[in-house]
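Each chain gets a letter, A, B, C, D, E and F, in the order it is written, and its residues are counted from 1.
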Amino acid sequence: MNSNRLEQGLQKLHEIDGEAGQAVINSLQHISPDLARLTIEFPFADVYSRPGLDLRAREIATVAALTALGHCAPQLKVHLNAALNVGCSEEEIKEVIIQMAVYAGFPASLNAMFAFAEVLERRAD
Amino acid sequence: MNSNRLEQGLQKLHEIDGEAGQAVINSLQHISPDLARLTIEFPFADVYSRPGLDLRAREIATVAALTALGHCAPQLKVHLNAALNVGCSEEEIKEVIIQMAVYAGFPASLNAMFAFAEVLERRAD
Amino acid sequence: MNSNRLEQGLQKLHEIDGEAGQAVINSLQHISPDLARLTIEFPFADVYSRPGLDLRAREIATVAALTALGHCAPQLKVHLNAALNVGCSEEEIKEVIIQMAVYAGFPASLNAMFAFAEVLERRAD
Amino acid sequence: MNSNRLEQGLQKLHEIDGEAGQAVINSLQHISPDLARLTIEFPFADVYSRPGLDLRAREIATVAALTALGHCAPQLKVHLNAALNVGCSEEEIKEVIIQMAVYAGFPASLNAMFAFAEVLERRAD
Amino acid sequence: MNSNRLEQGLQKLHEIDGEAGQAVINSLQHISPDLARLTIEFPFADVYSRPGLDLRAREIATVAALTALGHCAPQLKVHLNAALNVGCSEEEIKEVIIQMAVYAGFPASLNAMFAFAEVLERRAD
Amino acid sequence: MNSNRLEQGLQKLHEIDGEAGQAVINSLQHISPDLARLTIEFPFADVYSRPGLDLRAREIATVAALTALGHCAPQLKVHLNAALNVGCSEEEIKEVIIQMAVYAGFPASLNAMFAFAEVLERRAD
């Protein structure tokens, strides 16, 4: 049932992104509750809940992709936090960002690294 | 010394990509031996040789990025092979590709999955 | 229930893409039946089945997006067919492709127009 | 004659974008009056003035493309306004943005939806 | 007058791209003579005919951009030919392609270099 | 030796980007001194130091690529400054930006032109 997908997605979202993920969903409620629901259901209930890849590997893949795409800084910051939440070390995340210089160029890596600096500062507060 | 970077890079390239990586380098020798050398040195000696992230995680990041970027099918195939070479399971790689539907859209995921089908067929021969 | 989403998605897929859409799904069955199912469920049951935008407008949006992204020729061809299937005229589709020269540049428009020429030829057979 | 293209373009720009379009052109006058003129002539006199596709469909295509490309928030906001100006409903525009999650991923859709929230707020003032 | 833009554009197209450019235009005539005309007028009469940047610099800029975008191999090959036509040396073009590894990653550079190898082979025939 | 690459890269960085380049490197020192070092070594010692293309042509290529990619405004501003530093005229740089409307669309050109206006204002202070 749909309500199950929503519940399952919310639980997975909370497990991965903590309050940052919920904040994104909340900020969508006013403008498009439907997109908020779809953003919980497909990514978190249908994809992140699948077996076959642990959450650390999933967040490494997402940080890599968002760094390479280059045009989604807010989502990258959410997933840099998420990567730390699910057990990636700071050093591992920096390595993923550095490696993206090979595939998406230095500007993509530099911008992601500056985003990570911001994320780490906020967590330190 | 530069010769050390080149040797170190070649060794890492062989460890990761096996003959497929060497084939890319060979195909560059005629048109641009300099780009061949740089493609060994920076990615493989400077980046992939770094500690702090194991090769499985590095290949998961690269498969994710190349799937998301969408415009580099030949390199994606090399790294789908590489991911298998360094110990990722077929299932894990498929999960990374599926997850990219969330961040780069379904066409990017579909094309990467078809590329993986091709890679698996060739390995089965 | 999930089985309902799958059935609803398949019906919508058939309505929009006819046999071309089914062919994409079939070609995925061997390598990843899960991605095949997700490609039916989220895009076709969750998104294309929504009220609020008619199918003509949906296909105009998709042709525009795939032309602009530039890296997904196979999916563009499916949706050029779909646009004709749901009632867009040849002239309207050409206008959308021409307009993309403004936002994504002439190479993106040229490649999409050549893809449309191919689609029209196959339909004429 | 060139002066006719310019006049025709300015008229079409005004019809579509109202003051927001003129504001973009004005902000270019100091740095590059030539790019200002070309931005009126090719997009608005040569493309948007063409018959064969109504302005609603043209704005749906543009909102879709700019959402998918992801790197042009200022232009997206101009065209979200333009889409409302030429008769698209809020609901239709939200549907186009939601549909882009299928082709360009959720981050592209989320950022476009937040841009639309901003546009609607300013129009409400 | 429009006929002047068309004539001016055709002359500039011939000067830059020789027969390769004309071949692209010809291949568009059947599917969209309007896009063929627009592809001559805006790029070649309005942009490439402008003073202020010599044709060598213009082709260096275009080769760089098409290498970086990564999704327009046919147009890249036309402009690799064009760059040679207007006086860029093989070495200079290879340097531009190599430099793009910094900004768009190695896959983009490798694919452009392989395209250049093809272009050089055809010119040698 | 590595120390030589670093010194050579720093010298070239200073020659091209002046203080702006050094500022980027400095801002990386806290979060990732390794990425700072790699950003000096590969781009500036391995690529920009190569013979075969003068610095003016190199900066024209980089401004073109960063304008076309669209997602790296901070790096584009550094290289708009660099292009002026190595002898490109304001007019030439504006021409490169205008030309990108052909290959990457008007939004990419407009955003780059606005970035250039900012760069020129700061230099005038």
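Basically, a contact is a pair of C-beta atoms (placed from the backbone, for glycine too) under 8 Å apart; a residue touches a chain by one contact, two chains touch by 3 or more.
The structure displayed is predicted, hence computed values, not measured ones.
K.L.:
Spelling it out: a chain qualifies if it touches chain B and also touches chain C; which chains qualify?
P.N.:
Neighbours common to chain B and chain C are A, D, E, F.
K.L.:
Among B-C, C-D or B-D, where does the A-F interface recur, judging by over half of the contact pairs matching in residue number?
P.N.:
Match found for A-F within B-C, C-D or B-D: B-C.
K.L.:
For copies chain C and chain D, work out whether under half or over half of the interface numbers are shared, and give different or same accordingly.
P.N.:
Same: when the shared numbers are divided by all numbers used, the fraction is over half.
K.L.:
Between chain A and chain D, what is the separation of their C-alpha centroids in Å?
P.N.:
That gives a centre separation of 30 Å.
K.L.:
Measure off the straight-line distance from the CA centroid of chain C to the CA centroid of chain F, and report it in whole Å.
P.N.:
Once rounded, the distance between the two centres reads 39 Å.
K.L.:
Could you list the positions in chain C whose residues touch two or more of the other chains?
P.N.:
Residue numbers touching two or more other chains: 34, 38, 42-43, 47, 50, 66, 68-72, 75, 94, 98, 101-108.
K.L.:
Pick one for the touching-chains graph, please: line, ring, star, complete, other.
P.N.:
Topology of the interface graph: complete, with all chain pairs in contact.
K.L.:
Across the complex, what residues on chain D touch chain B?
P.N.:
Going through chain D, the ones touching chain B are 68, 101-108.
K.L.:
For a test of understanding, state which residues of chain C touch chain A in their complex under the given definition.
P.N.:
1, 34, 38, 41-42, 46-47, 50
K.L.:
Can you list the chain D residues touching chain A in their complex?
P.N.:
Residues 69-71, 94, 97-98, 101, 105-111, 113-114, 116-117, 120 of chain D touch chain A in their complex.
K.L.:
Which residues of chain A touch chain B once you look at their complex with the stated criterion?
P.N.:
42-43, 47-48, 50, 52-53, 56-58, 60-69, 72, 75, 91-92, 94-96, 98-104
K.L.:
Tell me, which parts of chain F touch chain A in their complex?
P.N.:
Within the complex, chain F contacts chain A at residues 24, 27-28, 30-32, 34-35, 38-39, 42-43, 66, 69-72, 74-75.
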